[in-house]
Each structure stands twice: as structure tokens, then as C-alpha cells.
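Please find one structure pasted underneath; my questions will follow.
Chain naming follows the written order as A, B, C and D, and within any one chain the residues start at number 1.
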Amino acid sequence: MIAEQTLTAQYVQVRMHSEAICRGLETEDYVVQPIADVSPPKWHMGHTTWFWETFVLIPNAPGYRLFHDDFSYVFNSYYETVGKRVLRTDRGNMSRPTVAGVYAYRAYVDEHMGRFLDTADLSPDLYALILLGLNHEQQHQELLITDIKYILGHNPLLPAIEMPLTRFEEGRNDEAKDIILSEGIYTIGYQDTGQEGGSFCFDNELDRHNVYLNKTTLTGSLTTNGEYLEFMEAGGYQNFRYWFADGWAWVNANGILAPLYWHKIDGVWWNYTFDGLVPVDINEPVCHVSQYEADAYARWKGQRLPTEFEWEAAASELNWGTRWEWTNSAYLPYPGFSTAEGAVGEYNGKFMSGQIVLRGASVATPDGHSRPTYRNFFQPDKRWQFTGIRLAK
Amino acid sequence: MIAEQTLTAQYVQVRMHSEAICRGLETEDYVVQPIADVSPPKWHMGHTTWFWETFVLIPNAPGYRLFHDDFSYVFNSYYETVGKRVLRTDRGNMSRPTVAGVYAYRAYVDEHMGRFLDTADLSPDLYALILLGLNHEQQHQELLITDIKYILGHNPLLPAIEMPLTRFEEGRNDEAKDIILSEGIYTIGYQDTGQEGGSFCFDNELDRHNVYLNKTTLTGSLTTNGEYLEFMEAGGYQNFRYWFADGWAWVNANGILAPLYWHKIDGVWWNYTFDGLVPVDINEPVCHVSQYEADAYARWKGQRLPTEFEWEAAASELNWGTRWEWTNSAYLPYPGFSTAEGAVGEYNGKFMSGQIVLRGASVATPDGHSRPTYRNFFQPDKRWQFTGIRLAK
Amino acid sequence: MIAEQTLTAQYVQVRMHSEAICRGLETEDYVVQPIADVSPPKWHMGHTTWFWETFVLIPNAPGYRLFHDDFSYVFNSYYETVGKRVLRTDRGNMSRPTVAGVYAYRAYVDEHMGRFLDTADLSPDLYALILLGLNHEQQHQELLITDIKYILGHNPLLPAIEMPLTRFEEGRNDEAKDIILSEGIYTIGYQDTGQEGGSFCFDNELDRHNVYLNKTTLTGSLTTNGEYLEFMEAGGYQNFRYWFADGWAWVNANGILAPLYWHKIDGVWWNYTFDGLVPVDINEPVCHVSQYEADAYARWKGQRLPTEFEWEAAASELNWGTRWEWTNSAYLPYPGFSTAEGAVGEYNGKFMSGQIVLRGASVATPDGHSRPTYRNFFQPDKRWQFTGIRLAK
Amino acid sequence: MIAEQTLTAQYVQVRMHSEAICRGLETEDYVVQPIADVSPPKWHMGHTTWFWETFVLIPNAPGYRLFHDDFSYVFNSYYETVGKRVLRTDRGNMSRPTVAGVYAYRAYVDEHMGRFLDTADLSPDLYALILLGLNHEQQHQELLITDIKYILGHNPLLPAIEMPLTRFEEGRNDEAKDIILSEGIYTIGYQDTGQEGGSFCFDNELDRHNVYLNKTTLTGSLTTNGEYLEFMEAGGYQNFRYWFADGWAWVNANGILAPLYWHKIDGVWWNYTFDGLVPVDINEPVCHVSQYEADAYARWKGQRLPTEFEWEAAASELNWGTRWEWTNSAYLPYPGFSTAEGAVGEYNGKFMSGQIVLRGASVATPDGHSRPTYRNFFQPDKRWQFTGIRLAK
């Protein structure tokens, strides 16, 4: 988010970016859900709109009339306080509402939001809620990109498509020196800059608090495809020594042999990208690996993954932003964390079980949606995000 | 199939009917696959076209060029002799080829088929293959209708849609007398009428052979919704006595309480049809029941389902054609049945395990695709076809 | 059952045979249930006893007192009219009642049964019920043997054990001529011989009725291990052409490569028997094959499995009794079949869905428990019984 | 472990305690495995013995001969470096080796171990390995108790049994004041006391390191059954607000309504203990709750679970030892943690994914096997251990 913009301008920019991401899609691409993790693009486009209607317009815009009764049911997500949501695995079975219907819904809500933002005298709470809505939609923008990649990358035609990535998808890996962190106390968590209108963080980045860290060295560069291939060729996927018990079970149950989207064809490794199938580039940072794979690779190298605190303490010296970087930290509350009241309060806290923190950002992260205190989180077997590896020792 | 027509005219009529069935669909409706049994309409439209391309044009039309290499992979079905098919449960994850692409495929193949039929001097084998192709597409027309009904009937919006049913969907049940079959020998199976160009049956209707039947009485009418409601209200779904062990497990595992598409709203039973949600009409023949339900209902009435042989022996006196009628016959080969050579030979024999014969036809069966010797077959728990109940004793 | 014996003598003989089957077991062998199909021997020993207590003693023996309240819950089977049964897959988790407790239960019930049989003036209904109980226990004797074989045959130690098989387990295959059945009407089903006290059949063998059969040839001998090995070596398990669609899915989902209990060790096929692991004897009839395998073998030979009616019509000329012979007949009711009232009526009818008839008998069938009209039945994928193959054409 | 004892005396005492735990079992109780988490007691008794044979006797005792070739296969656990282990879920299907065989194995190994300990001149490495073996067997002693409780507590007879719990099973909850921890740096992890022969810790308790803690208050007492009943009666299990998303899914998928072993009979809550079914005692600390339940209870109280660091920092002031106390800390490596070489190195590190730390000890923990730095760990849905709740804020 660029803070100098008016809120209306920010709103318009965010909403346009969601649509820009979908510009290359066929209508059919909006509908399918090949696995439970991946939502149909149509659903993302409806759900982000539903957020504005449900949390901003209905309670705050006098006389606002619902676009359609059923949409609230269809596009609800995990907010269990607001009616019965559509089961996540059913999303891909819904041909209606149509894509055209969803765009009409977006236009209707955008028109009312525009009018509302131009005229309302926003209380601080409402202002904060709108910032949350913008950040919420930006989160879904990254999911839109990863979900579209999954849908097309699992289609037998392996189609290419235009996609507005923030930087080139396969970020070239700069030469970088190791970063050394000295032992001592570090302060972690988001700090409000006091800058008017520009200050936003998620609840999980608070409270700001001290941690005590031992001396650590972090690699300045991310692990490349070439380095990861060495692990593969050394039998990394075949040797249980490098794996968590859960990771080893995952490798065997799913027949994992390489990062997601890699295909070995006539002895050569290819990689599905938004440009279609291309040869694996050994200089690019490895992408689409699970935390299990990241940890196994680190162990094979005789190193380990950094904790999220080490990462944040060193962030100003790291070259980050092309891959979400797996840490060795479980996603847990900071001291003083408390859940907000009401539906919005369901936002982050309920996921603080069984997930792993990722730090940084990726080529799919929208402009203005990254900062050193940002805590992304996924289960350790997930790898359809643009995830990569940085080592510590 | 109306035999007096030229083969070209028959081809055009069949192909147009497939498209007529889909006329009311939105693009999105073509794509989804809510359960493994239900194929996306797009797939049916591609698969029937693939049949003509693969079995007629490629081997017989000199100089014919494939529409697209990948389509053969994507639209193959169970014909394991022709390359590796797309796994059935993956069909609903494929956004590409698009619906427009499938219609272009149909147009391309239709053009070549038209030219071929007009000019080729058809051998008897080729003539028979084309008849098979027409009947194959007609089978998929019925599946198209039932699959569309399932997709829309499980959408939260429960949309209505125009659908060219052969007769009214909810066929009014005529008063009809019981039919009495006397004990003795009956001849079963398809008999060629010798009529030129009009003779077609599936391999499973042969050989014509004798069976010995005991004296039997069949009800002249199908069981109505009203009669079936009496079974429900008498606790039929709660009493294991009426059910096969497998059926009782099915009822409990799936929480079955009523026929498919019935919804109890504020104490009243409603029924999803192509006109949307309408109140259950007690005079219409019950529809969308499994064989487990049909058998349990029969047992509750102190009667039983007829065998397929009893049905065929009595067919000329029965009023049939609105519901596929569950029998108590497993789908097994007739004496002398033999599998044809090659891919077409995979047609029916491989399903002669674990399935039940249904006789008659339904409101979704295309004109000219029914006869008294026709053997339809499904597993006993399936009920998304237009299935109904006739009793015997 | 040997009809000349008194009922008491028959009772004693049957009960002793159950215990003879278990004589070689360790206490631990009585307890486990490696798959849902296989019941712990302890359960069979308790369940057969529970039958006598529940259906004979409680309703008919004045002053009889239950051995233990909980046993009725624990040893109930599928008789849903008599209280809530223990879920079949939980049977193997129950360490109590102990084996000693079950034998005490047997002794208690046997004592009361002995007194009852000696003194009661049995009505024809009660006489019939006792015959049913004896046959019920004999059915469980065959299951005891097959379940014990499964338990020990899946133990890493592959222990040998003494087992009183009726004939040698691996019945030598006699040279035998083909049997030719001429076209016409045959009468099928059990016929009461009028012999006092000796007449018993299950309800599924009635009513006696006519069938019309085409001309058929049956092989006089069962398929041998050697013949079956030819099928295996010809790639039979790798070629979908020979298999039902369901069978092919079963082969692939379970990685089936040979009959049950066969192990290929250093290139040689071994067979687990009650003598431990022995080399496969190519002259013995193949054993422990599913109907899918039997049917695929037949198709590979260009033949088919007989129907149960062909088998019964030819039975007097066949050399049968060492293997249950898979037919191509689904297990369905005969004309006039009706379910008895009450719990005993749950006996057979509820399984007339999804199962296949086997005819004959096996080395595990108790003396006096086989006849040409006997209809055994299992799902087509089951193969832990002593099942074999006879061909027809 | 009591350090003043000779190693031989310690060995004898630990081995005898394993057998004391099993004294009340019937042979059948040793065999079953109702769920994958619960191992058959026979397996624990064999596996702990296998540890001594494999890691101590074979490599170190000259001329030692294996008790039985197959036992190494059967009683291996997760040590993937030492041959192919029996799949965990198959353990309950193995009737052989018998219980008597396992006791013979114990006697044989004990005899050789006794001779070895009396005569060997133990290197420091070997000494450490034997301490590890003793602690390994003590860990299995606690699992033996909890697994026996699960087996008997899921048997329909709900048998009572003598069990040598270290303290009374349902530890009375002392009145205790809250403990206040002030903000600052604390040192965490095991510190060697230098005491000869007495120093043992698991690798996961190292390295000793600093953490920075905020001010925290811990409850001095554990949550009682009475307090937990208030949560239940306030609808705690029905309100998603108190639950992690994963926890809420777990509650609904498994129909969880109360702690494990609680049964509501005629409106009253009963509790299965080793004394059989007894009424729930409202004064005792709640037991057999998952971390999901512990966390939900804490959230309902407006508090939270402590971290493992807060717990350890406050341990000297806490009254602990009757319940394993769920923390809000994921089980992760301490700074400087490294995996030992070889099979023993597989011990703890491989489980550092997806599990939660528990601190303290329970009534089932053997004497001498607890200390303030001990890190127990289980998945958050597990509750067959003696787990309880302490709150923080």
C-alpha cells in the first residue's frame, strides 16, 4: 500500500489489480478446484467483494441493499460468525453464480464503495477496517496467482498465460555474502511509524517484544535450482536421515521426487511457469518446495532453517522478496497477542496450530504488501506458494 | 433411430440433439464434476466427437488430419486400447480445452463426417460402426441430461433451465391393470427384423435364447411419489428389515432419508426439477431412487422387483418409458455372448460385474433409442438417473 | 450331518469339531483380526455358542440363566433384531472376554444344551431350529479354518499348525473328462428326501424350480497351479483385456500379482499352507483366487465360468469337493424365495446383493455339510476361502 | 533413576518395573492394538528388550548370540537404520511371537545383560548408552500404562486392574497460589550437575541457552474436573470461538463432547479408571484432554496456556507431577541442537515437526524419570496420555 494515496485511490488500485491478475483467464479457468487448497479464481473474486459488502457497506452505508441474498452464503470463507459457509471442497462444484455474475457483483460493490469512501466521515475504527479489507484482498491476490498456476499447471495442455508478477517470476539470485547475527537481545514485531494513514499490520505481528538470540550465520542468497539438484542427485529424496518423520511419510505417501511443477522428460528437468514448460534454470532460486523439503535440504547441507526471529533480526541486511522463505518457527502468538472481537477477530489466531511461519515475500506478492515483520504461514507440506530456502547455522 | 432416414440425416439429427440438450447452459455449467459419476457436459460433448474422429475418420477417411493431438488424450473414456485416458475423477479439474474449443472440435469433425458419409461406399462393418456411434452418442445424451440435473440440482442457487425431455419429466402415472405372466418357456434377446438399415442392438442383447419363468404378476403402473411417501412415513428408511445388508450400510453411511433431489422445507417435501424447486407431486411416478431403495420399498409392500426376463416377457403389455425400472437381475452375459475384437469390443462386457439391469426407458432417453430388449445397467446405489419402481409377486 | 445319529450325538460331534479346529492355536492366535473379513477365532467360538443360548435355550429351556449379560452384546453378529452388535471391525480390539472365558461359556451352554436335548419333546419348528444351529456352526467351522490361515499366513513367523482338514489341503487333481450338458429344461434347488431327521437345506436353496439351459461343456478337472502359472507368465495380471473393469481396478489398487499366500522368493514361487511355506505344486488345483482372477483366467483361455445352474445340472458327473468353485452367477433369490420371520429370517436374504455364488465344497468344509444344491456366496474380490476354478464353454 | 545405585541395580529395577506394570494383564490383553497410537503391551515388552540386544549386547558382548532372528524385525520401532521395521498399524495383528516367547526373550537378554554389566569395563560412551536404554525403557513404561488403559477402557466389560501408579491416579489438587514470573532473561535447558553416574538428559534438552520472557502469571493449581465441567456446561464444545481451526475440525469430525474415558450415563458423568467406572470427582485435576481442549478451555477462561519456557522458569515454584501439562510451545530444537550419529541419533530430532511440548510428569511416570527440563511431546489431538491443564496470563 502506498501511503500517500487517498484511501479511494488505494481502493481502486487494489481492486484493479485483482482483475489484472485474471485478465488472461478463460471463463472455464475461473471455475475449477483441483485440490482443496486451491480455490477457484471466481471464488476469490467473489469472496474479496463479499468482504467489502459484509463488513463495510451493510453495517455502515445507510440504505445499502444486498446485491444478491445467496452470495453471502456462497462467498463466505472461514468467518463462522457470519452464517453457514460453503464447504471449502465444494467450491469447485459450483458453476453458478457465473463469472459474469461475479464481475457484476464486483462492479455493484465498487460503485457503492466509491460513493461511500468519497462521502463518509470515517471513524478510526472504520478507517482501520478498510485498511484491513485492502490487505485482505492483497492476500487473496497472491493466492489467486498461485491457484491459477496450480490449475493451469495441472491441465494436460500446460497453457501459458500473461501474469502481472511484481518481479520476474524466476528471480535471478544475486551473489551475496553471509550475514552474521551476534548474540543478544533483539526486538521483534511491528512498530507503528506514526505516519498518518500509512500504518498497517496484522494482529499476529503484535505485540512488539524482546527475544534473546544466540550467534547465527544466515546465507545471503537463496538456495538455487542448481544447488537443489545436487541434493536430488545425491539421493536426498531416498534417504530418511534428512527428513522429519512426518516429512518422510509425506514423501513416500505422495511419491515426491522433485519440487512441484518439475517434470523429467527424456532425462531432462523441465519446469512449468506462466510461460509454459521451460527447462529448469540452475541459477534461479528454487521454488515450490515444502518445509519438509527445505528442512531436509538444510540437514543434508549440515545446516538448518533460520527461526523467524533470526530472519527478522537480520532482515535489513538480507536480499529478500522473490521467495517466501520457510523458517523453523511454528506459527504461534507473540506475548500479549489477543483476538479482536467479532468476525474480523477470527482472522489469524485460529490458525495458530500446526502451521509454520514463512518470512519475506515473493514475485506474486502485490506491491506495498510486504514488510520485515510480516508473518505468512502454511502447513509444512504445502508447496503451491512461491516458497524457497535460506539456510542458517 | 428412425430407420427410414438416410444415415447422414440420422447423424445430423443425433448431433443436433446433443447440442439442443446443452442450449440452456452457461459456459461454467460445462466444466464442473461434483462427483465421480457425473462427467462435465464439456467432456460428454468432446468424448462423443472423439469417438467419430478415432473410430471412423482416422481409420477410414483418407487424408483426415487430427483436430488437435491432445484431444485424444483428454476425451478418451474407458477404451484402454486407445492410449492412456484421463482419470475419470480428474475430468472436473480441466478448464482447458475451453467450451468454445470443444464446439470448434465438433464443427470440424461434423464437417468431415458429413463429407465422408456423403461420399463413402460404406462396408457393412463400417455401417454397423456408424450405427454404434449414433447409439453411443444417444447414450451420452441421457447422461448429459442426468449430469446437468445433478450439477444444477447441487448448486445453492437451484437454477431452472430449458431441457428437451422426450416426454414431460414427471410422467403422469396411468391407471393400469396388473399383468399376469403364465409359467413356461420365453424367448429373450434382440431379434433382427431384417429391415434394411434399421437393425441395431448392443452386444449385450445377444444371443437370443430361452428362459423358463414361473407364474408372475407385475403391476401395470409404476410406484408413485404418494405411495413411496407412505413407505417413508412408515419408517422405511429406519428399519433394517427391508434392506439388503449393503443397502442398509449405504443408508446409514450416507444419511439417506428420501429420493435424490427431495428437500424437506418447513415440514413439506419439495423436489428439484428442471423447472427449479417444486412441491412433490404425489401422482407422479417416484424418480431418482437406488435399487436398494426400490428393493426395500418392494419388500415393505410384501412384493419384490421383477427379473429382467419377466419384464421383457411382459413388455408388450406394460406401459413403460418414463422411468428406468430397476430389476432384481444382476447384469450378466447371455448364453453365447462374446466380446468383439478391438477397442469397440471393450464396450459392454467389462461391466458385467457388480451392476444391476434396468429395463424400459425414461423421459431423458432420446427418441428411437429404446426397445423391449434394451439392457441398461448401473450399480445398485446409483440414483442420479431417472430411475423408478415396478413391483412383481 | 450324518442323519442316522441322534440329535444329541450330532450336537456333540459338531461342537467337538469346532474345538478340534482350534487345538493347535496359542491363546494369542484367538484374539487378532488382521482385516475386517477375518474374525478372531475367539469370536467364532463365542458367537456359535451365543446362537444356542439366544435362539434355543433362552426361549425354550425353562429356568435357563444367561451365562453373562455382556456376552450377548459381544458375540452377536448380523442379527440386528437381537440388540446392538459389536461393530465387525472392532472384534479384534477386544482382549476380554478371555479365551478361557469363552471356553467356560461353551462348557456352560453345552451342559444346558445336552440336558435340554435329552429331555425336551422337540416340536418340528424347534427341531428345524436345532438343525439350523448345527449347520450355522458348521459354516463357522469353515470360516474358523480360513481365518486362522489368514492370521498365521500374515504373521512374519509363518507358523505351521495341525489342522483337521476333511481331505488333504492341496487336493490332487484327478484326470477327468469334459462333461457335456445338452440343451433343455433342468430342475434346480433342494429336494426333501423325506428321510426322517436328515433333511436340511438353507432357505436360499428353495424353491425347487425349472431353468432352461443351452448346450454347455464343463471341464472335468479344476484348473491347476501349473495352468494358472501359464496365465501369470503370459502377463495375465498386466493385460486389462482379460478383466472386468472392477477387477482391473482391484488388481491395480492392491498390486495383485499372484493368488493369495503365494510368495516369490529368489525367483521361485512358494505357497503358505498349514505346513508352513512350501513350494507351489503345479499339479494341485489352484486355490485362494478371487472371482475376478477366475474370470480373467477363463477369458484368457477363451472360455468362461459356468453358471450355478449349469454346475448343479452337471454336479452328479463332476469331481468336486476340494475347492469352492466360482460361478458366473450373482447370488439372487430363487422364484418363491421368502424370508423367514424373526431374527433367524435375517439369515441369507439380506446378502442377495453384490455377491457371487460358489458351488461345491472345499477341504475345509466339515463332513456332512455339502450337497449339490448348496449355494455359498462371497463378493468377487474375496479370496481367503479355499476357492478354485472350473471352466465352461 | 536413583543415581546412588549401581548400574546393575538400576537395570534390574527398571526391568522389574516393566513387568510389574503388566502383572494384572491377561494374555489376551498383551495382543491387541485398538488404534495406531496404542501399541500392544507385548510389543512394548519385546521392543525394550530388543533395544538392549541390538545396541548393547550385539556390538559389545563378545560371543553373544541372537535370541531369535525374526525378533529384530518384529520389535524394531522407528529406527530406520536397523532393518525394515514392522509397520506400526500391523503390530496388533501379530499373534506370534507369543507372550510366553516375549518373556523368554526378556529373561535371556536380562541374563546376558546382567553378566555383561557385572564384568564389562564400560567406556563413557557405553555408559551413556546404557543410561539411554534405561530411560528409553522408562518412557515405554509410561506408554505401557496409557496403552493398557486405552485397551481396557475401550473393552465393553470395562475391567478393573491393579496398576502400580507412582502416585494415586487421580491426584488431589492442592490449593496453591498463583506464580508470578517477572520480565527478563532466563536460562533454559539441562545442566549437568557433575554428580558421577547421575547425569542424564535427552538430546532435546540441550543446549542450555537464554530466553527473554515477558511478565507472566501461572496458576499454582491444575484445572479440576469441576472447573472443566463448567466449560462443558457453558457450551464450550459447541462454540467455535474457543477453538483453533484444526481443533474445531477435530471436535466435529470425532464428535468430541468430553475428556477421554468420560461417559454420561443417565445424566451423570462417569470416568473409566484402573478401578473401573467411577463417578467423575470434581476436585481432581482434569485428565486425558487434548491440547485443542486445553487451549479452548484457556481461551474460554480469558487466559492461555503457558509456553514451555515460562513453565521451566517457574518450575521450582509449581506443584507438578500428576498430569503432563500442555504448553503453547511447538516442539522445536534448542539453539545448538544436533542429531547424534547412527541409529540412536534418530531418537528425538525427527519428531520436531507438528508436535506440542508437554512439561512436568504424571502419575504414570516412573520414579526418577522426571525433571524440570524434561520435554515430552505429542500431536495436539492426542489425549490417551495423562494430560492436564495449567493456565497463564
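Note that in this section contacts are C-beta pairs under 8 Å (C-beta built on N, C-alpha and C of every residue); 3 or more make two chains touch, one makes a residue touch a chain.
Note that this is a predicted model, so its numbers are computed, not measured.
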**Prompt:** Most remote chain relative to chain A, going by C-alpha centroids?
**Reply:** C
**Item:** Inter-chain centre distance, chain A versus chain D - centres from mean C-alpha coordinates, in Å
**Value:** 37
**Item:** CA centroid of chain A to CA centroid of chain C, Å
**Value:** 58
**Message:** Which label fits the chain touch graph of this model best, line, ring, star, complete or other?
**Reply:** ring
**Fill in**
Per the touch rule above, chain B residues touching chain A in the complex are 26-34, 42, 70, 73-74, 86, 90, 92-99, 151-152, 154-157, 159
**Asked** Taking the complex as given, what residues does chain D use to touch chain A?
**Response** 78, 80-81, 185, 209-212, 214, 240-241, 243-248, 291-292, 295, 304, 328-330, 332-333, 335-336, 350-354, 380
